[in-house]
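Going in written order, the chains are labelled A, B and C, and every chain counts its residues from 1.
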Amino acid sequence: MTRRAAPVLACVGLLAVWQIASLALESDSFPTALEAIRTIPDILGDKESLINILASLRRMAIGFGIAVLVSIPLGLSMGRSRAVAAFFNPLLMVIYPVPKAALMPIIMLWLGVGDITKTLVIFLGVSLPVIYHSFEGAKAVEEKMLWSGAAMGLSPLRRLVRIVLPAALPEILTGCRTGLVLALITMITSEMIARQSGAGNILFNALDMGQYDTVYAMIIIVGAMGICLDAVFERIRARLVRWSEPQFDMPLSFS
Amino acid sequence: MKVVPSRSSEWVRPVTSQRPASAIIEIDRVSQVFQTSTRKDHVALSDISLTIEEGAFVSILGPSGCGKSTLLYIVGGFVSPTRGTARMKGQPITGPGPDRGPVFQEFALFPWKTVLGNVMYGPRQQGVRATEAEAHSRMLIQMVGLKGYENFYPKELSGGMKQRVALARTLAYHPEVLLMDEPFGALDAHTRTRLQNDLLNIWERDRKTVLFVTHSVDEAVFLSDKVVMMSKSPGRIGEVIDIDLPRPRRRNELLLDPRYQKYVVEIERMFDESDEVGSAS
Amino acid sequence: MMPRSLSANLIFGLTPIILVIALWQGLVSLGFAPVVLLPPPGVVFGRLFQQLVTWTFQQEIAATLIRLFAGFAIAVVLGVSVGIAAAASPAINAVVRPIVRVLAPLPKVALYPALLLLLGFGHGSKITLVSADALFPILLSTYYGASTVEQKLIWSAMAAGTPRYDILFKVVLPAAMPSILTGCRIGLVISCIVVFLAEMITSTDGLGHALVTAARTFQAVDMFVPLITISLLGLILNALLGAVRSYLLRGFPEA
């Protein structure tokens, strides 16, 4: 029972610390936790804000979805075919350290401001970890399993889908989890850079207009989004790979 | 029992029946119960009582899983018994200490230290000055046959070499009792026999008390003065056999010695019997 | 396996970079991209060297580096100490675990507006953001490394006479070094990314700010220069950390 309650207690604890700190500091730019929480329904009730937030989620979903659909097959084939790996590896290795959201202005220059730009950046941000993990997962599939499959008469493509994919699934899903985290971060960041619509936009609009309560309330909303998405994904992931051993790769959080 | 002079006879304490055997370690009705993941209790050790005499080389012989390592860890102070006490020189054992030095099967060398660094660790911990500790360590490293390897890292050594370092490291802080947990179990047969020989040569110098855990009958007979047999599930003491073979023991001589062969055959028979009983229950 | 020599490492690391520059040049030369949107590498690098000797650009680099180092350093100190403390003490573990579970999936960049309000638009807000983002991978890696230290190592040290309180420094910390340094590497990459993004969102100086300024005036070349700079900085810092890692872990077997 305590294990489940602990994160909730942590939330409450953190909010309490916030409350006390803001009361102690008594600054206009640091509203109390309660004041921020009270503003949340206002934001969610406001039609325009809601549209913004939903737009953000939509972009994130599309970017994430397409990235996953493209990256998993790419990663898997890279894992099993040395030729494919050699072709794509150098390109990916260089793109990796570049902050995708930083490419925003450049992409904006090419494609203008708008949904496509933001979705593209999210797509790029998510693709990399998913490709990498699919690649690693596919590489690690035991040769003998594939030989058994070949002996049973499966074609290379079917082997990829029916053996490599399920075997590499735990690793792939770890990559997706990282991708999800990055999708959220990239989304917010790109909206903060190219302000036009979205949650990041609301944050900075409120900042510019001095609506400090809204700023903090929005932070709570975005935080909640992150936590919920992660929790939901974790659930799905645990379900799908119940049979696998616990993974520890990219330190995302305590499992 | 005759005194057999060894090469460095000034080091040898005569092990005769005239000298009163002083018990250095007493294990008094020790039991160890573990909780397994299925919430059931696993009785690793049940009511173990044993006395170890000073200067004796005692082997604890038993099949895998009989709790012999657990018993060793209790004497070492790494694990607290669920019931009963273990005592060292009359004082209850409450934790690890330099009076009982372990040598583990997995070597457990500090990977971030060189061979010299590893061996110097104990003395340095005890406040010995660096120059003294280094000289002492170098001597020990030479004694275990690794002269020239002082600045090597454990990863660069073979299994046998690592175990020699582990032995030197433990000896460096002058423990009164050596606790050896299947130390040669991870090594190939050839290295194992060589290290058995070397261990005896080193042991002959000052005849420390040794508690040696193994599942190999011939290893136990070759090395020890006494073989304590343990059965498993739950771990219990079975027979205790005195090995009355002269020292120093040399493998090529002992293998041809009918007394040695008798010991091995007898103990193997007892081993098999206890195994059958165990699996039948 | 013999460790790769320095020159081999260098070649291995430079190849992808050379490949990308070649690809870049190829795109431009073959006319796939108009010069106004994608200037050729030669022009960009030329501009880069031109800027490097100017005082203003050096100041931008300095500003970015100060924030980067300060933020990273705080994250390392905090992350390693809390990670080890949580591994050593069940009480601390019980408190830290749920807090990390709550805060880790939260996109720290969402806190940026609040940080701006509280700490102003200068160094403070950015350093704090960098620390917040780099903290978690370092903390989690440290915790993982410290809690999986081989039991027999600790026992050997205790038998040799090490007092309980000293075990943390004499055994746990050195034994956890490989994990800690892996976490630091991830933290360093994140620090580079975050400092750049934060400067892009709002700043008065720094490399990210330089990019945004150039974007506003549609200067493509001046946009690429800061981006390349931060990437190069990231590579250099990564290489330095790799060298430190090789030295500190010279006794450890290759993973």
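As a working rule, contacts are C-beta pairs under 8 Å (C-beta built on N, C-alpha and C of every residue); 3 or more make two chains touch, one makes a residue touch a chain.
Keep in mind the model is a prediction, meaning the values are calculated, not measured.
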Just to be sure I understand: going only through chains that touch, what's the smallest number of steps from chain A to chain B?
2
From the C-alpha centres, identify the chain that is farthest from chain B.
A
Measuring from the mean of all protein Cα atoms shown, which chain centre lies nearest?
C
Dominant chain pairing [most C-beta pairs in contact]:
A-C
So what's the Cα centroid distance for chain A and chain B, whole Å?
54
Starting from the mean Cα coordinates of chain A and chain C, work out the distance between those two points in Å.
19
Taking the mean of the CA coordinates per chain, how far is chain B from chain C in Å?
48
Which stretch or stretches of chain B touch chain C in the complex?
76-78, 95-98, 100-102, 104, 106, 108, 110-114, 121-122, 125-126, 153-155, 169-170, 173, 175
Residues of chain C touching chain A in the complex:
15-17, 19-20, 23, 37, 94, 97-107, 109-114, 116-118, 136-137, 140-141, 144, 183, 186, 189, 192-193, 196-197, 200-201, 208, 211-212, 215, 218, 220, 223-224, 227, 230-231, 234-235, 238
Interface with chain B, chain C side, in the complex: residues 150, 152-153, 155-162, 171, 174-175, 177, 249-253
Could you pull out which chain A residues touch chain C in their complex?
6-7, 9-11, 13-14, 27, 29-30, 89-91, 93-94, 97-99, 101-106, 108-110, 181, 184-185, 188-189, 192-193, 203-204, 206-207, 212, 215-216, 218-219, 222-223, 226-227, 229-231, 248, 250-254
